[in-house]
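Look at the two complexes coming up: chain A is in both, with chain B in one and chain C in the other.
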Partner chain A sequence: MSGMNEFIAFVRRHRVAASIAFLLVMPLLMPYQALAVNILIFGLFAVGFNLLFGYTGLLSFGHAAFLGVGSYLTGIGMVHMGLPWGVAVLLGVASAALVGVVMGYLAIRTRGIYFSMVTLALAQIVYYAFYKAERWTGGENGLRGIQVPKMEVFGFTLDFLNPNTKYYVILAFVAVALWFVSRLLASPFGAVMEAVRENEKRAAACGYDVDRTKLLVFVISAAICGLAGALRALHLSVVPIESLHYLLSGQAVMMCLLGGMGTFFGPFIGAGVFLTLEDVVTTMTRHWMAVVGAVFMFFVLFFPAGIWGSFMKRLDKSS
Partner chain B sequence: MEITLSLLALQLVTGIALGAIYALLAIGLSLIFGMLTVVNFAHGAFFMVGAFIGLYFMGLTGNFWFSLVLTPLVVGCIGLVTERFLVRPLYGRGIDYPLLLTFGLSWVLIEAMRLAFGVEGLPSSTPPELRGAVDLGIGYFPKYRLFLIFATAVVVIALWLFLEKTRYGLIVRAGSRDGEICRVLGIDVSRVWLVVFGIGCAIAGLSGVLAAPTRAVNPEMGIHVLAESFVVTVVGGMGSLVGAVVAGLLVGVVFALTSLFAPELAELSIFVLMAVVLLVRPQGLFGKAGLMG
Partner chain C sequence: MSVQPILEVEGLSKHFGKFVALNKVTTSFMPGKLSAIIGPNGAGKSTFFNVVSGAFPPSEGRLKFNGRDITGLAQHEFARIGIAKSFQITNLFKQLSAHENVRVAVQARHARYQIFKPRAAMTEVADRASELLERVGLAVHAKRPASELAHGQQRALEVAMALAAEPELLLMDEPTAGMSPEETVVMMDLITALAAERSVILVEHKMKLVMGICERLLVLHHGEFLAEGTPADIKANADVRRVYLGQG
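For the complex of A and B:
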């Protein structure tokens, strides 16, 4: 058993490397590439959301705004401004962070349940604004025509039309984001985040600026979700208007809870379970939302720690 | 188009009629929140279920009034079952859990209606007694929308009488002030919570029946309604019934007037109104400062 325990401790110490190793082989485990790319992107979306919900204890229902703004601005940068795709991704992430500053500033004025309602409503502003700005966003039809050209990198040709290439290019971005999140969580600031979640008043009494911590996490979370959005635009080569809808925020909530909120790898497990479930159920019935909704309710009632969270708890107990 | 005073006045009444539905929705949300500190994310779904069941009963009996009474009862019963078996196990586990659960429930309810009535939705019609328009002195106004204002007023007054003048209403008010003390005094608080959740859902169902003739009835109709009723509750102040009514009407009027002057900004306007209220008065117009703290 001690060998096993050492292995677990080793994996925990190198959680970023372990996560990336898993994501490297994931396409081999999936029935087809598109599903794997989706899990990668939505996993990152849930990771960004998890920073705020799982680690800081703020339940936002407005994170679709960041995914959507990341997607749209990347798309607008490439289609309307003719930017190279790398710059467009940066533009998307920066814009999502900017929207995060504004939304966060308004939303952290409220607490508890209010916060969820306010973030949801603020995200709808972004939804309608992009919906109406048809000249830039294509309105109801979404933004079309996002093409990543073939590139030469260190003598290799990267072609986005090849699903394998696409997966691993996107994974490179996800890996950097995961490394960043892991560093953030291990830093003193990460400890302050968790302190705010556990007891806001006590954190304030210890001299930490609670509102600033919340706002900073909100913006970082927005930027990561924006990156997920930017990658999604490259993946789909269109931006559907639904990217901004609060139902998508709800999906982030569901994925995060299914996987295990406040765990490092949980969001990916959650995204994987959610999307695989959707994929499997749609082959049997059109009414996949009922099944996913019921599974989600079951988890809220009986397994609030989620799949990965419960698994980790079990590990802690046995070792 | 020239904007005359009578056109403005007419649009104002249109806004109030629209606001009446918002007010009803927000009352249901606020009632449940004030008592149970639960935000019902399935509120929009209950509204949608109300619209469908209302149309179903109307088709069955051909009588609008019959369905107006029966639908809230049915939706209220769904609410009772929801509270008893799904929400109740979550009390004491943190305020986020009932919210998450009701969000999941809304997905199930949407699909249940798709299964029962099809994905396309149902055609709705105004009951024959309420068709046509009446002259208000400022122009002709649809009879049905006047009826909406009237019906909302009746519900609000009935609810007010129930809460302020009856013994049970007293218990409800006491329970929302301090459930612990109520329990000490020998009141079965969990049963009061059950009833309040049921009433809140019944009102959501009622607003669904009432709204059905004025909009498209489809399984997705509750999705946007939920966001709009959140705007109303945030503007009015969570847990305040007066706030729900005032903010509901205000939001309706703002929507109607913006669609007169700048139609493309109509949907945006109410969310911007909310943002402004948040900046100036984060607890809402009628909210107590401490409630959210």
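For the complex of A and C:
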């Protein structure tokens, strides 16, 4: 039993390594690669969203904007500007962060439900802007023609069309992002985020600039979701206009709650369960939303800490 | 050479719509003293506390700290220049442990936007937090979530968090509100000890409580200062007896 406890403590200390180890073998557990890639991308999206929602206590309903902007700008960089894929990914992330600065600046002036509504409204503005800019974005048809057949990395040539290679290239980006998020959460600033979530008044009385803290988290969260979007553009070779749809903002909330908000790996578990359920249930019935909705309700009602969160609590009690 | 007041209040007013909560009050506080603002309910004590502690700016008038004009500074800047407060209604980071509550408060003086250094490496911050918990008698409860502490312990945690800012001036809004008589005695002893090291201003509803320990009392009534002086002066003041003592 003590050996088990030591193992658990070891995994906790090395949560990034443990997460990456899990993600390295995940494709073996999945029916096919495209689903595994999707889980990677949406897991990262949910992790980015969780920084704001789970750790800072701000419920945004507009995070599809960052996923979409990350995708679109990566695509526009490659299709219209002829940028190499790596530079285009950077452009996507930077653009998402920039949109995050503007949306965050406007949204953090409000609280609670108003914050959620302002982020939702601003994300809809982004949606329509991209929808109307047909020359750049392809409008309703989405942005097509993003091609990454071969990648040259440190002298190696990688075949991105090979599903396995694609998975591990994307995982490399996700791994770096997870490492960054883990550092952030363990930093002094990570403690400030939680303090703001717990009590804004007290955080300000302690000497923390609450608005600036919120804005900084908002932008970091936007950048990580933008990276998820950029990777999705490479994965799909197109950017569908649905990338900016508020449905995806809602899915980020569901994934976080399902997996466990305010936990490091919960959002990833949430994304995995959500997408696997969607995949499996769609083959049985068109009404997959009803099934996923029922599962979601079950967890919210009986396991409010989410799958991963409840699991971690159980571990804490037994050790 | 005369000693400079630590806090000066000049013609301070606060209006909420048409209601005048504070009406052009002027006074000053000398460093190293324990003073109390007292007054019946609705006298404007909480408004006075909120304005001088930076929760909101005054409608009119000026506020000076060590001679420097601090009118309109943001709440977080008050803590940084050396004015800390404990709230009347307990404001804690409820899900976090007692130690983490104080640790975060201490950390504000060291790292606010530090993203890359692990906070586990900041041992001096954690150690200072432990010292402060010890000081207010909560060392044994360090690991418990703040929400699980008894009311009196939460109030003590409030004080530890205010002290974490290493303030020159400590403002306390009814520090014994809702406490049992035993807890009240412990808290008053703590306040007396704290006042030996820094300036303390209490806002208090229960006059008896502060009579024994404060050097100076100020009586607020209808948003104006009715009287100020030593506890003996206040006790002897006919106006105060009429509006305040007479009631109770």
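Basically, the second predicted complex is superposed on the first by the 313 of 319 C-alpha atoms of A that agree within 3 Å, B and C clash if a C-alpha of one lies under 4 Å from a C-alpha of the other, contacts with A are read in each partner's own complex, and residues count from 1 in each chain.
Just so it is clear, a contact is a pair of C-beta atoms (placed from the backbone, for glycine too) under 8 Å apart; a residue touches a chain by one contact, two chains touch by 3 or more.
These figures come from a predicted structure and were not determined experimentally.
Q: Considering only the touch criterion stated at the top, classify A:V253 as touching first (chain B), second (chain C), both, or neither.
A: A:V253 sits against chain B, while chain C stays out of touch.
Q: For A:M289, select first, second, both or neither according to whether it touches chain B, chain C, the two together, or no partner.
A: After superposition on chain A, A:M289 lies in contact with chain B alone.
Q: For A:G86, using the defined touch cut-off, is the partner it touches chain B, chain C, both, or neither? Pick first, second, both or neither.
A: neither
Q: Quick check on the superposed pair: does A:P31 touch chain B, chain C, both, or neither? Answer first, second, both or neither.
A: Touch status of A:P31: no partner.
Q: After superposition on the shared chain, which partner residues are touched by A:A205: those of chain B (first), chain C (second), both, or neither?
A: In the superposed model, A:A205 contacts chain C only, not chain B.
Q: In the overlaid three-chain picture, which partner chain does A:V300 touch, first (chain B) or second (chain C), both, or neither?
A: first
Q: If you stack the two complexes on chain A, which partner ends up touching A:A121: first (chain B), second (chain C), both, or neither?
A: first
Q: Using the superposition on A, tell me which residues of chain A are in contact with chain B and, in the other complex, with chain C.
A: In chain A, no position sits in both the chain B and chain C interfaces.
Q: Can you name the residues of chain C that touch chain A in the complex?
A: Touch list, chain C to chain A: 53, 74-80, 84-85, 87, 91-96, 100, 103-105, 107-120, 122, 161-162, 164-165.
Q: Given the complex with chain C, which residues does chain A contribute to the contact?
A: So the residues of chain A touching chain C come out as 183-184, 186-192, 194-195, 198-199, 201-210, 212-213, 216.
Q: Report the residues of chain A in contact with chain B in the complex, numbered from low to high.
A: 59, 106, 109-114, 116-118, 120-122, 124-125, 128-129, 132, 246-247, 250, 253-254, 257, 286-287, 289-290, 292-294, 296-297, 300-301, 304
Q: Tell me, which parts of chain B touch chain A in their complex?
A: For this pair, the touching residues of chain B are 33, 37, 39, 86, 89-90, 93, 95-97, 99-101, 103-108, 110-112, 114-115, 119, 223, 227, 230-231, 233-234, 238, 264-265, 267-268, 271-272, 274-275, 278-279, 282, 292-293.
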